[in-house]
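Below are two complexes that have chain A in common, paired first with chain B and then with chain C.
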Partner chain A sequence: MTAPDSEALSSMGQWQQILTAPPVWRVKVQAASWTSAALALRDQGGRLLGLWGEAGHENAFFYIHALGLGSTGYVWITLTVQSGEGQFPSLADIFPAASRMERALYDLTGIRATGNADTRPWLRHQCWPAGIFPLREGQLDGRSFGVDGDADYPFQLIDSVDVHQIPVGPVHAGTIEPGHFRFSCIGEQILRLEERLGYTHKGVERLFQDRDVFAGARLAGRISGDTTVGYAWAYSMAVESIARCEIPPRAAALRAVCLERERMANHLGDLAALGNDAGFAFCQSQFLFIRESLLRENQEIFGHRYLMDCIIPGGVAFDLNSAQIAAIQRNSESWQRTVQRLDLLLQEHSGLRDRLVGTGKIVPPRAAALGMAGLAGRASGQAWDLRVQFPHTPYQNLDVSIQLSQEGDVAARWQLRFREFYESLRLQTRLLMELPEGAVSTTIPESIPDGEGLGIVEAWRGEVFVALSVENARIKRCHPHDPSWTLWPVLEEAVLNDIVADFPLINKSFNLSYSGHDL
Partner chain B sequence: MTSLIGWRDQCFQILFVVAAAPLLAGWLQTVRALLQNRRSAGILQPYRDLFRLFHKETLIPEQSSWLFQFSPYVMFGAKIMAVAIVPIIANGLPLASAADVIALVGLLAVARIFQVLAAMDTGTAFGSYGAHREMLISALAEPALLAALFTASLLARSTSLVQIVHLSQIQLFSIHPSMVFAAIAFGFVLLVENARIPVDNPATHLELTMIHEAMVLEYSGRHLALLEWAAQLKLFLYMTIGFALFLPWGIAAKPSLTSLVIAAGLVLVKLFFAVVVLALIETLLAKKRLFRVPEFAITGFLFGVIGLLSHFMLGS
Partner chain C sequence: MYRILKEIWRLGIPGKKIIPAKGQGPFRRSAAIRHVDAGSCNACELEIQALSGPHYGLEQVGLNLTASPRHADLLMVTGPVSRHMATALQDTFSAMPNPKKVVAIGDCACTGGIFAGSYAVVGAVEKVLPVAGQCPGCPPTPEAIRQTLVQVARQTRS
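This part shows the complex of A and B:
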């Protein structure tokens, strides 16, 4: 196939398939086709994953990239904007999640999305002047800017004497990542929640530039500590798609083992944290205990608690012997039993159920309109799972079963974590039982050809993708994208029928990334 | 001479309670840690925390008034006065006649009012939210406490704690149905008033769910130390009021040094077990939704009223 299986899309331009599993098509379009491509995607039930910009040579032109998902695969659409125009049509009316991405795109590249009424800065917290766009050429070289803080950000407030505001964060009472939440309330009832993110912006995309692809892999693994496997795999997949090399089957299986272990560790951590937020000490300590044993096993067998740098371009940086495999299998049996017992026990705990059921509800139609995916999306009936719909090696042979719920409340996201934990354990057992023999990595040539590649995996929050372009064996542009971009705005809606005191629980049930979003 | 001995006992009781209150908190933390498979920081950790806080800088918010600085002393002072009134170790202490159970409830209410005002004084959202929630819940818990205390007062035909304890000490093993209900009501109030799970989470770091902690968020240094100490005293006080009403065995009736020491030891033994029960509740229950907490407090009130009713119906 040379084009995605959709008439509206295939007539749009010269399509090129840059990845077969999962299928990713690439097209460069004119401004006229930009909006119609988005409409075509939405009409076939697709959604927008990411939107990002790139400055061309000497800032003479700019690329606006969008990654969407159609019925037959992912489509990467690129629009060229001349420097004189300096703008492109906004997609925010078609895909609500685009709004913040367009604001971030302006902050970084200075290209405005016309039609997006919200022109407030998103990632730029007055830490660099309004006329400076970090991703343009020659804007930062050696210069430093004073940090003025973020004093006069215009929040959208409700103008009434009865409504009061609660500013929360970015510095919190606990040790958590920084984000600001502005509540407008009447008493305990939340009328509006507005998020302000970007406090962990550290210029990751700029840091990628001019590195070689191997140094880039280390950086990719450090974008968001809880998703290090997801990012490392997506990045490596992008590198391999540019180098046109296949990784050995054993490497693919071991990568999947890492990814599932990361999913399990995070789900266990979230279950513990949800217990903590519900003030339920027993629940917290039990899940933390299992999670800790998993992390220690990671340290012992894989060499790192969070599996950082286990995945490298070309394969994996470790191998398992039969004794290690046996140890992992033994432990996973005991975890399965313990978690199942806890699952049953907690389903009967009336106090906990009362906190979870019906709280923070997003009904499936709203979830579809907001473009939800990943764990939170599946809890609201959105049947997206890359491992099921577009399985890549080694997932084709594993019959991953998708875990779905229609309820969309905290209880659904809670229960889904259990079910995905069991499924991940099953996948791990199967992967290790059928672990192919052979090498664990293949060599990526130092002189990697120029080109553009994309890697995408179903990490524990949802699809993580990395779009990469390489020139002269150096990274020209690398955009890592977290599903949190789409899910953060959903949180603003999820709290609307609840009270202030339930916000931490709802927030934790999503557990979105700050670092992966702020970049 | 008797009055001098009385004052000696009075001082002993106050000093003993003030010194032992952090120990109670330390034991509670230790049991909680054990129940949760954690290693505890040690039973003496609250003393170390108080020491640390007393030696730290005390910051005062710019916009706050005298209320903010004054309140910790009122809170701590009110708890000391309450400790002086309640027969914890010895009955019939000189200051005990200064106040009856109604005045005791009033004394605790004064402390609460100052805490709530100080929380709103800073003008922060969290302080105000904590204050609002505190008033919502305490408005329901206070009648429950009074109902439980009145049930005991009806039996003793006096609102004086001295009389109540004296009566239950002379008829040690007679069981009054009304007192059983009153004890249940008191248990509810103890959880509500001391910001324990399932009402409030004393260990939480989540600003938006806090009740008691939200009110003290802006405090630091010696002010915070006094507030923490006052909270520990409050828990000690509630538990010992419970003992005075429902388990008065061992409270020294005669002013002798041996009976005083025995009484002090017995209080610690009772607290030892009471804390284990409290830690179990705190480990096995989840915190309630905020709007379910009033129902919880009302349930306590209901038990108090049933206690009163059963006294009239059964005459005991």
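This part shows the complex of A and C:
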């Protein structure tokens, strides 16, 4: 097949398949087809995953990239904008999640999405002036930036004497990442929540540029520390798609073991934190205990508590022997029993249920309209799981069972974490039982050919992708993308009809990334 | 309730029993800690969260995490001080009563780490605040973080 299986899309231009599993097609379109491509995607029930920009040689032209998901796979659509035009049609009316991505795209490359009424900065605060676009060529030379705070961001407030505002952050009460939340309330009731992010912006996309692809892997593993495996895998997949090399089957299986372990560790951590936010210390210490055993096993067997730098372009950086496999299998049996016991016990705890059930609800039709996916999407009836729909090696043979709920409240996201934990344990057991023999990595040539590649995996929050372009064996552009981009705006809606005191619980039930979003 | 108690019994005390040393210095035997994420990748936070788990007995050594800088003796900073967080970090420090100390946790906070040199970060915490202790690592283990905290809390000079 040379084009995605949809008439509206296939007539759009010259399609090229850049990845087979999962299937990713690439096309360059004219401005006229840009919007109709997005409409065609939406009409077949698809989603927008990401939108990002790239400055061409000497800023003479710009590429606007979008990655979407249609019925037969992923489509990567690129629009070329001449610097004289300086704008492209906004997709925010078709996919609401596009709005913030377009604002960020403007902050970094200076190309405006026309039709998006919201022109406030998003990733830019005040440390670099308007009119400087860090991803354009030559914009940073010889400049040094300040540290001014983000003092006068125009929040959209409700103008009424009865309504009061609660500003929260960027420094939060607990040990979590920084961001600002602005609540408008009547009494305890939340009328509006507006997020202000960008506090952890570290210029990651710029840091990638001019590194070689091997140095890039280390950085990819530090985009979001809780998803280090997800990013390292997506990044490596992108490198491998450019180098046109296949990793050995053993390496693929070991990568999946890492990915499932990352999912389990995060789910356990979230269950602990949710218990804590519900004022239930018992729950917190029980889950932190199991999580700590998992992290210690990671350190002992894989060499790093969070599995950082375990996945490298070409394969993995570790191997397992049979004694280690036996130890992992033994422990996972005992975790299964312990977590199941806690699961049952907590299902019957009326105090906890009272806090979780019906709180922070997003009903399935709203979830579909907002383009939700990942764990939070599945809790609201959105049946997207890359490991199920478009499985890549080694997931084709594992029959991953998708975990779904229609309730869309905190309780659903809580319960799904248990079910996904059991499923990940099952997958790990099976992967280790059927672990292929052979090498754990293949060599990526130092002189990797020029080209563009993409990697995408179902990490614990949802689909993480990395779009990469390489020139003269150096990274020309790398855009990592977190599912949090789509889910952050959903949180603003999920808290409506709840009270301020429930916010920590709702926020934690999504547990979105700041660092992966702010880049 | 009975089953919950039974589970607590099963878990027991997983960490090593820690005997608190005699208190010296301005904080004596206990110090309250405020944490600020100044642009970390979040893995350093995961380790700090792990520190509140049953293996590490943070409170046994006289340390506790506090929600307000007004109650804090130590400021624990992670991340390469992103420019967007620098002001909030300084404000948090100013809000703390004297005597107070700053601890840099993780390679990023100690040197800027992998993000050093980016247009969007200031770099090591030292460049913004006086630092009394450093705990390198990417991320450092909870054990190492605890040791650094205890050591700084017991320094005699403020």
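Everything below uses one rule, namely that the second predicted complex is superposed on the first by the 518 of 519 C-alpha atoms of A that agree within 3 Å, B and C clash if a C-alpha of one lies under 4 Å from a C-alpha of the other, contacts with A are read in each partner's own complex, and residues count from 1 in each chain.
The rule is short, and it goes like this: a contact is a pair of C-beta atoms (placed from the backbone, for glycine too) under 8 Å apart; a residue touches a chain by one contact, two chains touch by 3 or more.
Remember, predicted model here, so these are calculated numbers, not experimental data.
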item	value
Partner chain in contact with A:Phe510 - chain B first, chain C second, else both or neither	neither
Partner chain(s) touched by A:Phe289 [first = chain B, second = chain C, both, neither]	both
Chain A residues touched by each partner, larger count belonging to chain B or chain C	C
First (chain B), second (chain C), both or neither touched by A:Tyr74	neither
Partner chain(s) touched by A:Gly174 [first = chain B, second = chain C, both, neither]	both
Touching partner for A:Tyr106 - first (chain B), second (chain C), both, neither	neither
Overlapping contact positions on chain A, where the chain C interface meets the chain B interface	173-175, 282, 284-286, 289, 349
Contact footprint of chain C on chain A as seen in their complex	125, 127-128, 134, 140, 143, 145-150, 170-171, 173-178, 198-204, 206-207, 218-219, 222-226, 228, 269, 272-273, 282, 284-286, 288-289, 291-292, 295, 299, 305-306, 308, 341-342, 345, 349, 513-515, 518
Chain C residues touching chain A - in the complex, by the definition given at the top	3-4, 7-8, 11, 14, 35-50, 52-55, 65, 67-69, 79-80, 82-88, 91-92, 114-115, 117-122, 128, 138-139, 141
Touching residues on chain B, where the partner in the complex is chain A	32, 35-38, 125-126, 129, 132-133, 197-198, 201, 203-209, 217, 282-292
Residue ranges of chain A in contact with chain B within the complex	164-168, 172-175, 187-188, 275, 277-286, 289, 349, 351-352, 354-355, 499-504
